[in-house]
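Dropping a structure here in structure tokens format, bear with me for questions.
As written, the chains take the letters A, B, C and D, and residue 1 is the first residue of each chain.
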């Protein structure tokens, strides 16, 4: 067993990136989903099915980073029950194209949440990322933003996207980046650039499955 | 705030029922779902939507109780990746009627899993539970069984259902009971009757939301 | 090409069963779905996927048998638009077990529709069908009922189920039977027994795919 | 009742745009969906739910425009059944943003179909539409293309998108435009520009519900 398949341990290493980087609690189930998504022999149908499962788990955990209030409700039998409810004012923003794979998962959890979109492209000459399209709820500055982008190798695309959000006056600590797979270098880049932003990922590993978007959507 | 809304703490109390009773890790998100399902003012549409979310989380955690093997896969870039995969040979069994609400959640996680069914009814004279219908995969004795039943007040229905499974030669320790809400008394009854069966629930609380099936399906 | 694969023509033969038997308009698409469901080499995953598609089409057409009113709505630009809306007071009833395969399709079209259930079993000695379980909305007598049962060979099970509905004071002409495949003999039996009930099917053919429920649910 | 709510009749008027413009067969059900989508008082949750239903019906009918072959399959009981199957080699392309609302509907019908994407934007100075992003399956020139765009007022965006497809050597008669609502002027523009392309829509009416994308996604 060579070094190339040694996984970053899920408890300790996130720590070095500070408290805002959070790892989905790993278990056999999550590792199986990660394995299927890594395996080059996985069919497209299976890939999409299992990607959607991992996405839902990451979205559920991301939503758990949002602020909640306590509340008291009455049950059908007339008893009080002390509960919890979301603070209102959230929205989703996907980074085209792979981020769009996470939109359905978000809708599966928050039926009528507003979902905006950012398209960042790399200039073929200068290799610099630039924003070519952005569409948000008009009151995005007043909302918590779940920013969706499943795969991070360098973090450059996310940097651009977060800057667009900040130009729209979204506070950095109102952003939760929802991610499936990140390299340590991308984690380093992003936590350094935006120390107040929360990041939720399912795996820190030095190779990111960059075929994700292509395999999920079937386009090159 | 009266005693009636004091929740059983989610860390300690499960312990008294032994190691086979497992509680879904609680967080704000899970508590919000539980709150919505308890609230008598929740609309049927919302009830179903949020029930489905809690069900998926419980199913995901139940599946995590199943045995896994390690495996090695090759990634599209030609690297090896050390992963995890299910051992084959599982099936689901729902207890009619409320258990059927969990079938779709199971399918959302295991696309083509076989799902059997048990119908237990209470005799209106003797109040005794009896099995009136059972349909299983023919080789159920060789499978792990995810038994689905969301609400337990007394545990009587589950007792009957597990006995039917055992009559079909399913080993007790091959059964994982997937449950949303249980009373402590039902937990006591079931862990005593079937000490080898695994039980996964999201909440131990002395009042169970018995309106669950009726509200989910809209029938009385 | 032998007689056994000659299909009943979709325009004329339904006519002989009277005006209440309606055939889903056939086209290449529908015939492909029927072909996949007939083919013994179809995998269970595919079977379920394509069954769900045919079910949705049949459900959509069944809903179209329900009474509508005209209405006038205002558009966001302030114009009036003359439209159509359902009369309220519908519900679904599935006949266990294969009818349950149609519940999700109904929910995909009518999000919060109430769904009841009837379980009919054949006595192993006398071969007579009898009702062992029935659960309905309490006010079912005042509702239109979409009765779901995908495969009919003899019609006996449906006869029993409709009789249960009538015992609950549902008017015969308030029942719409939603079906995928029926034999001519079952169509004859049912239209004779219940001349006022509407029947919607996708195919009249002398062999019914009786493996439907078993393949859909994966149980024997 | 003023002229502004008079609907174009669904049988005749499509005829004037030639044989390649096809209207979804209208019925009470379809008219109800159209009514809900027009109504300014429809909630976002309902809007999305009913839009998804109309989208599925339009997608099903669009798929029916694709070429089929006959085939012979064997049933589980050993009989031959003469059936129908798709010719392979299709893909979907959505026009961002509103076209993306139709992607899920396409996936609900064709599980693993490849889906490309085109982003057309209007220059704020010149008001001219231009393509800022396009991503396709690499072999799109060999495929039938289901082009998804729900609302057409002028047809300008679709003109640009089809030109991009033609630049990628997709034959005009290999394109099926899948649309929910079109104005007669847009229908005229498009059938004139691309007489060989098939167009499938659910309604020809002089006012298009231009709030569609904004209401579906909740962004301005």
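Keep in mind that, in the parts below, a residue touches a chain if its C-beta (ideal position, glycine included) is under 8 Å from a C-beta of that chain, and two chains touch if they have at least 3 such contacts.
As the structure is a prediction and not an experimental result, all values here were calculated from the model.
J.: Starting at subunit B, how many touching-chain steps does it take at least to reach subunit D?
T.: Each step joins two touching chains, and the minimum needed here is 2.
J.: With centres defined by CA atoms only, which chain is the most remote from subunit A?
T.: Computed centres place C farthest from subunit A.
J.: Measure off the straight-line distance from the CA centroid of subunit A to the CA centroid of subunit B, and report it in whole Å.
T.: 29
J.: When the centre of a chain is set as the mean of its C-alpha atoms, what distance in Å lies between subunit B and subunit C?
T.: The computed centroid separation for subunit B versus subunit C comes out at 31 Å.
J.: Centre to centre, by mean C-alpha position, how many angstrom separate subunit A and subunit C?
T.: Those two chain centres are 42 Å apart.
J.: Multi-chain contacts only, two chains or more: what residues does subunit D have there?
T.: 111
J.: Looking only at which chains touch which, which shape fits best: line, ring, star, complete or other?
T.: ring
J.: All pairs of touching chains?
T.: Those chain pairs which touch are A-B, A-D, B-C, C-D.
J.: Hey, which residues of subunit C end up touching subunit B in the complex?
T.: Counting only subunit C, the residues touching subunit B are 43-45, 48, 91, 96-97, 100, 104, 111-117, 119, 121, 132-133, 135-138, 217-220.
J.: Would you mind writing out the residues of subunit A in touch with subunit B in their complex?
T.: Residues of subunit A touching subunit B: 1-2, 4-7, 25, 27-29, 31-32, 34-36, 38-41, 49, 53, 56-57, 60-61, 63-64, 66, 68, 71-77, 79-86, 108-109, 111, 207, 209-211.
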